[in-house]
Amino acid sequence: MQTQARATTRTGPAVRLEAVTKDFGTVRAVDAVDLTVHEGEFFTLLGPSGSGKTTLLRLVAGFEQPTGGRIELAGDDVTGTPPNRRDVHTVFQDYALFPQMSVEQNVAYALTVRGVRKAERLARAHEALTTVRLDGFAARRPAELSGGQRQRVALARALVDRPAVLLLDEPLGALDLALRQEMQTELKELQRTTGITFLLVTHDQDEALTMSDRIAVVRDGRIEQTGPPVEVYERPATAFVAGFVGTTNLLRGEAAVRVVGRPGTYSIRPERILLTDPAEASAREPAEGSARQSAESSAETSADGRRTVTGRITDIVHAGAHTRFTVMLPYGDRLIVHRQNLTGLPESARPDGEIGLSWDERDAFPVPS
Amino acid sequence: MPAAPTPGSRLRLTALLAPPLLWLTLAYLGSLAILLLSAFWTTDSFTSDVVHTWNTDNFHELLTTPVYRTIALRTLSIAVAVTVVDALLALPMAFFMARVAGRRWRRPLLVAVLTPLWAGYLVKAYAWRVMLGENGVVGAALAPFGLHGPGYGTTAVVIVLAYLWLPYMILPVYAALERLPERMLEASADLGAGAWRTLRSVVLPVVRPAVLAGSVFTFSLSLGDYLTVQIVGGKTQLLGNVIASQVTLDLPMAAALSAVPVVLIVCYLAAVRRAGALDSL
Amino acid sequence: GSGNDDDKGGHAPDKLGKGEGKVNIIAWAGYAEDGSNDPKVDWVHPFEKKTGCQVNTKTAGTSDEMVSLMKTGQYDTVSASGDATLRLIASGDAAPVNTKLVPNYKDIFPALKQQPFNSKDGRMYGIPHGRGANLLMYRTDKVTSAPDSWRAVFDDAARYDGHVTAYDSPIYIADAALYLMSAKPSLGIKNPYALDQKQLDAAVALLKKQHQAVGEYWSDYQKEITAFKGGDSVIGTTWQVIANLTKAEKAPVKAVLPKEGATGWSDTWMVSAKAEHPNCAYKWLDWIVSPKVNAQVAEYFGEAPSNRKACAETAAPDHCAIFHAADEKYFQRVHFWTTPIKQCLDGRKDTDCTDYAQWTRAWTEVKG
Amino acid sequence: MRISRTARVALGCVTAAGLAIVYVPLLLVLLNSVNTDRSFGWPPSGLTGRWWRAALHSEGARQALLTSLKAGLAATAIALVLGTLAAYAVHRHRFFGRRTVSFLLVLPIALPGIVSGIALNAAFRTVLDPIGVGFGLFTVVVGHATFCVVIVFNNIGARLRRIAPSLAEASADLGARPWQTFRYVTFPAMRSALFAGGLLAFALSFDEIVVTTFTAGPGTRTLPIWIYENLARPHQAPVVNVVAALLILASVIPVYIAQRLSSDTAGGRL
Amino acid sequence: MQTQARATTRTGPAVRLEAVTKDFGTVRAVDAVDLTVHEGEFFTLLGPSGSGKTTLLRLVAGFEQPTGGRIELAGDDVTGTPPNRRDVHTVFQDYALFPQMSVEQNVAYALTVRGVRKAERLARAHEALTTVRLDGFAARRPAELSGGQRQRVALARALVDRPAVLLLDEPLGALDLALRQEMQTELKELQRTTGITFLLVTHDQDEALTMSDRIAVVRDGRIEQTGPPVEVYERPATAFVAGFVGTTNLLRGEAAVRVVGRPGTYSIRPERILLTDPAEASAREPAEGSARQSAESSAETSADGRRTVTGRITDIVHAGAHTRFTVMLPYGDRLIVHRQNLTGLPESARPDGEIGLSWDERDAFPVPS
């Protein structure tokens, strides 16, 4: 029946959720979510633990039935359809490989249950294993594989009959960093070459940012923001998104007035702040008209739209590719500054040194709180 | 995770639950109900025919005749004693098997403990009869120390019942001990606890539900036994014997007597279930 | 319902029809051997071959079990002892037997016919099978005084503290009553199975005293033999066959019929009132008391045969002598097990006697 | 936890002593099976092989063994089906009264055999008899199956707790219909637990005497009943010893296989 | 006895391993390791999965006995001493909290087993719980806590009686990114305030770099390099260290000659490479004397010690704080370049654009392979 599903002309986006709600007893895990994933897209659900990402994915796969709303796959309403009749496959976080079957049998499973002939089954299983570079491992049992290899078998198993949508629930969560980075590249590559729609769940912002075409940030069963990685990162819709996607300096109330110069809530990314000599900072020319230079503000805005401020470095941590400076401003505000480890560090960038900070005014963007 | 009920899963649940529950209700609970109901009937004293007139004479007699109370108490103490003896034996043995003996030895040891389950209850009881006799093995083994065997009687009953049910206690305790993460023991040692302390604070709490689970068997099997008592009990009689002697003669009275262990065990099970031990059965 | 309804229990057939091809039997262990335990001991297969009646045997351990098994109505015939027969008759579970249809009945010892434990109102309710006495056995090395009275296990029981044994059944109360008949004539016991409340109380008191010295109560061969062999029991009741077997195992024991006489058992093959296979049941009745088979059973089980011609058929020529088969004087001293009932069996009309249910409760109390 | 050498040795000694106590009576049974005496006895008066010969020719023992095997297998089969269904319901679904089900399932094994026995007896008599179903192998099987269910239930339940539910989901996700999921995924994962549970259930049925006594019909003689009848009979006790000895020797094999098959800890759960 | 241990004057470093070896059957998990951890230090063992980190930690804790070598704590040989008599506590990866005890009882355990009076025990347990900001949770069971909370209970439990050394086996492995970063800061803070020696095991390079005073990189049971984070990152002793600690461009053989200008194995960190206009790159003046300008080299070295090269951008990934460029050089060598997301990106920094790359000659450092 999956072949049939594929044969029908697609009449809509790969996945569409309309006002989908899911309650577990009194817990509302998913709360009136609208979501559209386009065909061929690499879409990521990003959110903290317990935000409802897995539940959303399980609703799409059909393991859970929504309490309200409707779910469409390729334009067809599948709200009541059981998992085995949906043209989607899942890569589980724990891989869920069948322990008693060989790698080959695992990968061929979707074909076996559809009654595909043995010869074709094996041919296609090997093709899928080749795609994930595991063609030599067909005869092994899952227990005889390393974590990364298992992950790839799970992938091959889900890809073998080219489902319309592939669902991935934190597929890299159990791997160590080096392997995780390697697998990220591979996954992205695979999605590109197969053209299958990927719907990925993760709580790792790096993973979401580097792999996705679009990201939906989930919080407490609701979607806070949907958009391409750059947009989500550069223009977070809420303070929560700003904080969860990347590190940020959040400034509210008085601190915002003092540092940014305006009341409200503002976010400044640590990597957007430049370290300068304090002398240089004070030498900058203030902007024309002092309306923008409020009395309480400890910072100044120069004519070229850059805002400068001086402070004292309280902590320096060498974090490999960048160094993290913690700078204490007058009035007790604290800013985190990241600086790529290149040459040309100002003299005073040492513990307890007086330092100048400057950023483009537009980099301190307001966020609804 | 158990799935939440949806229309489809509810149907499947019904299909899953119906056969076992029907069986249980029809074959077992129904039987029990019939039995307990018949406790309210009486028997023609001469013909042993059941007279279907509703009355509570049997329970009245049960509660007012001192000998029944004596027997019930004796039975209860023997069941408790057997359970305690088994727990005391099973704990060190299971501990050795699960935690001290090498990995290679575990399986053979477990096989060694389980094998006697197949040897035939009666045969084992008779073997003990021979061992506990005046000139038996036990007497012979104790003689050099100037001691006597216990002879036939309540002590012998406790010994033999404890012997018979020992595997039922070792098995769950062993399983619990084997599941106990090594990490817990390490954490305890790491925080300065010696072996005894670790046993008391970390091992025992984990083992407790398993002991309770095992005790469901040792306790209830002892509570109802009457053959072993016949074989090694000397002149001891337990609830099981009284029920057995009444059953052919006066079924209603036997039914009333049966209510005693039923009540005891249901209470016991309820208590054990509270401790979460039914899951470790 | 009442057990005195004469119509109950059905009627004895006037003539026999063809065998039904099957018969369900309740028997004491050893009464219906089909060679499955010992190929040489088999009188069931020859019966099946001869009559075409397939035999299903259920072995019962006690008289009480027999009674309850008979009540199921699934069985055609039973080898009931005297403590079960009257109950079966009264409850209508057993039917009267037309002895004319059992040719071998004529050779049964007359002393076994028309006894209170196998007949009612002059009608036989079964065919006598065999008999034996409950003897007093003791270990000659531990009991040197060569007792000849039941006093040894009652009033003198304390001498063998912890090593006295007794039969584990309410019917054993009769043994105490029998002893009281001569030890305490003032109680006026005439029949050990007919005790009024006062007499029962006296017997129970005696048994309670005995209880303190009892090592164990026995109910099967195996237990009794090992107990005497091992020395756990040194004195107590026994059956002749147990005594013989214990001696065969080289244990120094001796069994005597004490001067007070003894209780005993006489088994009767009865037919169920609801028998589905009455013809085969009658064929079995005739077969089991036929001289040769009766001899076989008596020897295998260890009892006195009921058919006087059987004495000529035993493998051991002195079997009948050992078991006193034809010794009516011996059996006159034996009070065969009879179910105690409300109407006193000794003919007293002025008082109610205690029934078996009361005995059962008394026995539970004796054992404590 | 570091266990001192002394403690290890002490524990080892207790275990060894425990096992010794476990095996002394069994050895005695073996010994008695070649004892010339007719009854159980100590010390043996001489050695003989005639009981073994007699036992091997004992039609009754063979018949009883056959009956026991039939009853055990049938009861085990029923228990496997019912126990698995119940375990599935309890461990893979949420419903009101979930814990009560496990409680009820435990009852038949927790209540004394004599109570179960007479209850079943009374019920069969009042219900089955009138409709013409007599006591026999069938009633024995019903009785045994009732208390064997919980054994299977516990074993399968323990296994289900360890099988990730995601396996069945993965199977459905890959297009398998429910029975395909059962055939390819769930059943293979449960096989060893089924075997271990079945074996224990069988062992329990095989050695059951009390319930059997009250549920067996005429001519239905299981091995324990045969043993019971023959122990009480002077001529047969040594033959019973032989049968018991054979059982002990033969039982090592299934127990060992069960241990091997279930990589699970205790192999079987009660 | 722990109090005693603490009372003795310290005569040596907090932990010292001398030629410690540990075999499991035929597997050599730890291979002649020498290691010194100073008092009050935050020391990290960093290495890939299976490298022997946990085994090393367990040897120090006393859960394993070394096959060879000796272990000293505070100058005392403890090689045969059982764990409960060593003045070290462990925070296990899975926390190993006692499930049947309350949080309070868990934390007080070390005091309980030493027979400390109840009042004091409770006081100190609460103090420890306050340190980890969990004072309101004393009565709960571990099962009623979130992952991060459990982790902190484990920490409090290990800290309650101030051991000389705290051993931590991937204590943050199970947490999600946001929580992990938060806990990193907390851990570091805790170590600073208590002054206890921390010996941490991790496979996360970021964690190791940001938290440690010194790092030992472990591989196959041996220590490849020991040193402060900056040193390990900037001057990796081996190619393995360079690759494992941070991302790197490793150049060997011909590629080295073409890109770096010399044969050998070289590492260039992606964040050390500047993106420039290709025009600017070629305008640079070659260094005097063309000895350094080899014929095969596709790069040039300018007079100020900067090496420049041009290539074509094949991939651009916006990774939040930085953007990752993949640049294809002539001859097929590929370089990864990380660029902090600041303003002033060259015109041609777009897919398929021609771009100039430049780096300080010293940033392409040789590594023994």
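Each chain carries a letter (A, B, C, D and E) given by its place in the written order, and its residues are counted from 1.
Heads up, the rule we're going with is that a residue touches a chain if its C-beta (ideal position, glycine included) is under 8 Å from a C-beta of that chain, and two chains touch if they have at least 3 such contacts.
By chain, with names taken from UniProt: A, E = ABC transporter ATP-binding protein; B, D = ABC transporter permease.
Keep in mind the model is a prediction, meaning the values are calculated, not measured.
Participant: Could you tell me which chains make contact with subunit D and subunit E both?
Facilitator: Common contact partners of subunit D and subunit E, which must touch each of the two, are A, B.
Participant: Of all chain pairs, which one counts the most C-beta contacts?
Facilitator: The largest set of C-beta contacts joins the chains B-D.
Participant: Nearest whole angstrom, what separates the Cα centre of subunit B from the Cα centre of subunit E?
Facilitator: The computed centroid separation for subunit B versus subunit E comes out at 56 Å.
Participant: With chain centres defined as C-alpha means, what is the inter-centre distance between subunit A and subunit C in Å?
Facilitator: Those two chain centres are 91 Å apart.
Participant: How many angstrom lie between the centres of subunit C and subunit D, each centre taken as the mean Cα position?
Facilitator: 37
Participant: I'd like the Å distance between the centres of subunit A and subunit E, where a centre is the mean of that chain's Cα atoms.
Facilitator: From the centre of subunit A to the centre of subunit E is 24 Å.
Participant: Two or more other chains touching the same residue: where does that happen in subunit E?
Facilitator: Each of 82-84 in subunit E touches at least two other chains.
Participant: Would you give the residues of subunit C that are in contact with at least 2 other chains, written as numbers and ranges?
Facilitator: Only 222, 226, 230 qualify.
Participant: For subunit D, jot down the residues that touch at least 2 other chains.
Facilitator: In subunit D, 2, 40-42, 228, 231, 237 touch at least two other chains.
Participant: Give every residue of subunit D touching subunit B within the complex, in rising order.
Facilitator: Going through subunit D, the ones touching subunit B are 1-4, 7-8, 11-12, 14-15, 18-19, 21-26, 28-29, 32, 40-42, 78, 81-83, 85-86, 88-89, 91-95, 99, 101-116, 118-120, 122-124, 126-127, 142, 145-146, 149-150, 153-154, 157, 165, 203, 206-207, 209-210, 214, 223-224, 227-228, 231, 237, 240-241, 243-244, 247-248, 250-252, 254-256, 259-260, 265-270.
Participant: Can you name the residues of subunit B that touch subunit C in the complex?
Facilitator: 43-49, 65, 67, 70-71, 126, 129-130, 133-136, 151-152, 230-231, 233-235, 237, 242, 245-251
Participant: Can you name the residues of subunit A that touch subunit E in the complex?
Facilitator: Interface residues on the subunit A side: 48-49, 147, 176-178, 181, 203-206, 209-210, 229-230, 233, 243-247, 269-272, 274, 317-322, 324, 338-343, 360.
Participant: Which residues of subunit C touch subunit D once you look at their complex with the stated criterion?
Facilitator: Subunit C reaches subunit D through residues 24-26, 29-30, 34-39, 41, 56-59, 61, 72-75, 220-222, 225-226, 229-230, 241-242, 245, 248-250, 300.
Participant: Where on subunit D does subunit A make contact in their complex?
Facilitator: So the residues of subunit D touching subunit A come out as 164, 166-167, 169-177, 180, 184-185, 188-189.
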